[in-house]
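Here come two complexes built around chain A, the first alongside chain B, the second alongside chain C.
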Partner chain A sequence: MLLYAGRRLTYGLLVLALVATLVFLIIRLIPGDVVRLQLADAPGVTQAQIDQRTTELGLDEPVLIQFGHFVGGLVQGDLGTSFDDGRPVTTKILERLPATLELGLLAILFGVLFGVPFGLISAIRHHSLIDNVMRFLAVIGMSLPNFWLALLLITFLALWFGWSPPLVYASPTENLSQNLIHMLLPAIALGAATMASIARMLRSSLLEVLGSNFIRTIRSRGASERVVVLKHAGRSSMIPVFTVLGLQVGSILGGTVILERIFAIPGMGSLIFEAVGQRDYPVILGCVIFYGAIFIFVNVVVDLLYAVIDPRIRYEGASA
Partner chain B sequence: MRAPTGSANEPLLRIEDLHVEFRTGGGTVEALNAVDLWIDAGETVAIVGESGSGKSVTALAVLGLLGNGRVSGGRITWNGKDITGASNSEMRSVRGKEISVIFQDPMTSLDPLFTIGHQLVEAYRIHHDVTKRQARQRAVELLDLVGIPEPEAKVKAYPHQLSGGQRQRVMIAGALACDPRLLIADEPTTALDVTVEAQVLALIRDLQDRTGVGLMLITHDMGVVAEMADRVVVFYAGQVVEAGTADEILDRPQHPYTRALLDAIPRRDTPRDQEMPAIPGAVPALNDMPSGCRFATRCSEAGPECGEPQPLRDLDRRQVRCWRPDEGHGVLEPMVEVAR
Partner chain C sequence: MSIAISGAARAARHPKARGGLVRFATEQPLGAVALFLITLFVVVAVLAPWIAPYDPLAQDRVNLLTPPGVGGHPAGTDELGRDVLSRSLYGARTSLLIAVSTLALGGVIGLIVGVVSGYFGGTWIDSVLQRIMDALMAIPSIVLLLFVAALLGPSVRNTVIALSLLVIPSINRVARGEMLRIREEPYVEAARSVGCSTPRILLRYGLPNLMAPLFVMGSLLFAVILIAESALSFLGIGTPPPTPSWGRMLSEGRSQLEIAPWMTVVPGLILSVSVLAFNLLGDAMRDFLDPKQRR
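Up next, the complex of A and B:
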């Protein structure tokens, strides 16, 4: 079990290193450069000043050397300083991280809280009217882009109820209720696809398991449908659902970037958005590494959950 | 040979004129057509026939586990009580407690995510209000009963850690957890090696001797029939075509289908270069059954009379669904050798 966990974690770190390298190179391909953005438009800037600023930021060195500095810092847990305000990238990110985590968790919570019962009902009453309606809604939920859904929600709530989300963000510690009201719409918009994917995956995996031989055995012993569905079929159906959930975390994280902009939430999403605009390489890289780390961490946890759920995976890991 | 209808000698299980149909994409098909059989307490009745003849459907119908199928006619009487239209909750108190079943494929019939101890504890606690500790004691007892070595340790094992034969033993343990009066064994050894098959059959017979449980043994293996059965019911295409005591059926089969089945058994003394006897043709499709004898298209003795519907006729000491048998066909040699 420990070996299995260790292996998953190693793979995760390798992937993260690869991601960091790729992003490091890719952002330098974005046209436009940070020094010009910062100085060029100001009147009376001389070439000497531009060169000086370029040297300050370390951008005069060859890309490989820059990469060397970046890796050197990274392994010591130092993500560098922002080109924009000179503050440490880690500090800037940690300030923004809580809002993003809250939004992501609320979106997942919404997806699970509604997706699981919908999937269950769909499977138990398969091919009934309610199942067909839910499957139709699930397809819609998966197809609508989250920002579009968010705009629809804002528009129609304003139109029909004259209600619009608060404009000023309050952190949960300042004003929890205002914070939650603020987070409600983006969380729903972000979690809708998760809810739909979970409902669909749970429905199909439950139906498959309910037709299997061991379920027939348990029924033949007089077990109640509650035990059959929730305990035995439910447990077997959890693995594909966790897989979907792990992958959904990726799109939820991606979704935070635009939804935080729409709802003026000061999270990592809006930070990276601003950083891209300013070509603030260290901040972009830092954010991507954090996003990547969260995604990889979640999926390592999902891999470990497989082993918790299924003894066959557990023992395979132990003997390998 | 017909079971007496008086209440004093009421059989444990009686199936009368049972019809079962399944809904499919192309309409409903009838899987069972007028099935009659009975099982007395403690006796072993073998149900034989090829795949798709309705053997397993009969078992599932008795348990009320037909899935998207339904009983469309006839009656199932358990222990003097009509359970034909019983609700799921009524049937739950019969399943596992009074009638248990062992399925064909032990590799997939246990929940892979729970220890076998857990599954035995669960089987026992469904019908007994005892603590987990007491039920665990029972689980160890059961594993011991079915001949699993080191039962104390094995309760913690997961199904994938056991061999096929051991898993089938665990299935048997689970089926016997609540001391049922009837055990339905649906091809219990089909998925097992020959040597393991013999062990499992010996185990079932031994447990039957000890507990007096009735056995409905579904099989297509005539060797198994010869070894285990008191009585035999032969199924073909959703109907009973012949029924009688094992000796009668094996020694003097009357229905051409039964004879063909017995002829198809390979023997040790069969010369290697001799072709295996097989019944030509295939079972007619369920949605395209002839109105007359269902075996007529494959029967070497079919005549024009076979176009008429054949009732299950009571002959001396047996029932046959064929108009010809009392013409006195040649008697096959005894099948006792098959058992060895």
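Up next, the complex of A and C:
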């Protein structure tokens, strides 16, 4: 198990290194250089100022050396300093990280809390009216863009109940209840698609397992339907659900960017958005790498969870 | 893409394929509904200049923020007095243009990467290509889009380039998986034994046999692109003004949520129904093509 975990983690780090290389290369490959793009808006910029800024940022050195500096900093957790206020990028990101993680986790929590029971009910009563309604709702849930859902929630809660989410963000340590109220709508808007995907996946995998031979054997021994579904079928049908969760992490992380923007939540999404507006490349680069790191880390954890649920996976991996 | 089009055209001319469409509609009624909605979407997008009641940019100064039905505006007007329905119809045009170009660009690149990777599965070529794809997939789509759009600046062309980065890894995955299966097939072995060159094997025997799952993926990706394009425009880095796009209409409606909810509801509803249609079509095609699902 430990060996398996080690291998997955190494692989994750390799992909992360590739992500860093890729974004570095993309920035270098674009036409026009970073300094010109950054100073393009400022009036009356002289060539001397451009040259000075270029030297300051070390952009006059060969690309390979620049890449060396970049990698050297990266392994020490140093992503450079922000163009905007000169503070270290890592510090800026770490300040914003908790809000994004909280929003993402709440969305996943919402998705699992409602998606799993919906999937179970759908599978147990398959081809009934309630199953058909739920399946249709699930496809709709997957098709509604999360930002539109958020706007609808805001509009109709305001029009019908006269309730609006708080405008000022409060961190959980300051005021937990206000923080949670603030996070409620974005978490629902973001978690709706996750809920729908989980319900769909759980339904189909549970149906497949329920049709298999070992379930027939268990049924023939007189096990109650509840024991069959929850104890025996449930475990093996959870694996595809974890796959969905791993895949959903990407869209949830992406979704936080846009929802943080709508609900004025000071997370990484707001940070990268501000950085894009200011052409603050070190911050943009740092954010992309951080998002990649979170995604890769979660997927490594999901892989390890597979191995915990299904021991065959770790043995298969060990022999390969 | 020309290969894909000629393949599809050949399939359409084939009498068996026509019967297939009828069978598809009877076996997958939801898929038929989806196909109808998509046809409607394409017709609206193409014919927008002729069916829209107003010029999408014309400002009706007398009717600012009027609710649906007032002053001859079926879906109301926005804060500049522009007709919301006309703008939504033109938005379909923008979305269709971007989605089709993205699928073409990303699809071709993804297909090439996937087919080559699958054919050389297990060798270093495969590993290198797939690790790059893994890295692309590790960055959440909106973040990747923000990153690329920020570097290139907002324009329709750059939106297409950014969005195709989402398409490439997904198409690659499907194409590679299919190619890994196809290269073990006897007909590929036969082609190799009579001395066909690798490109010929890939084009002549590989491509035609992996089109079916690609259509499924293409439909689902179309839905993803529609949402992603709107998200980019919503954030203000996608389609630049004044071109009407659903995403920017939603962001304009955001400031008038409680006064003029139709500004948000109408384009969002059309966007969601289009996305729903492509998701349903993808699902229906998958069920239709998967023999395991047939009873």
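Note that the second predicted complex is superposed on the first by the 288 of 320 C-alpha atoms of A that agree within 3 Å, B and C clash if a C-alpha of one lies under 4 Å from a C-alpha of the other, contacts with A are read in each partner's own complex, and residues count from 1 in each chain.
Just so it is clear, contacts are C-beta pairs under 8 Å (C-beta built on N, C-alpha and C of every residue); 3 or more make two chains touch, one makes a residue touch a chain.
All figures in this text were calculated on a predicted structure; none of them were measured in a lab.
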{"item": "When chain B and chain C are modelled together on chain A, clash or fit", "value": "fit"}
{"item": "Included angle at chain A between vectors to chain C and chain B, based on C-alpha centres and rounded to the nearest 10 degrees", "value": "80"}
{"item": "Which of chain B and chain C A:10 touches, first, second, both or neither", "value": "neither"}
{"item": "Which of chain B and chain C A:132 touches, first, second, both or neither", "value": "neither"}
{"item": "Contacts of A:91 with chain B and chain C, given as first, second, both or neither", "value": "neither"}
{"item": "Chain touching more of chain A, residue-wise (chain B, chain C)", "value": "C"}
{"item": "Chain B versus chain C as contact partner of A:221, first or second or both or neither", "value": "first"}
{"item": "Contacts of A:55 with chain B and chain C, given as first, second, both or neither", "value": "neither"}
{"item": "CA minimum distance (chain B, chain C), superposed complexes, angstrom", "value": "7"}
{"item": "Overlap of the chain B and chain C footprints on chain A, listed as residue numbers", "value": "none"}
{"item": "Complex interface listing, chain A residues touching chain C", "value": "14-16, 18-19, 21-23, 26-27, 30, 37, 139-140, 142-145, 147-148, 151-152, 154-156, 158-159, 250-251, 253-255, 257-258, 261-262, 272-273, 276, 279, 284, 287-288, 291-292, 295-296"}
{"item": "Interface residues, chain B side, partner chain A - complex", "value": "63, 65, 88, 91-97, 100-101, 103, 105, 108-114, 122-123, 126-127, 158, 160-161, 171, 174-175, 177"}
{"item": "Touching residues on chain C, where the partner in the complex is chain A", "value": "131-132, 134-144, 146-152, 223, 227, 230-231, 234-235, 237, 250, 253-254, 257-258, 261, 264-265, 268, 271-272, 275-276, 279-280, 283"}
{"item": "Touching residues (chain side chain A, partner chain B) in the complex", "value": "212-214, 216-225, 227, 232, 235-236, 309-312, 315"}
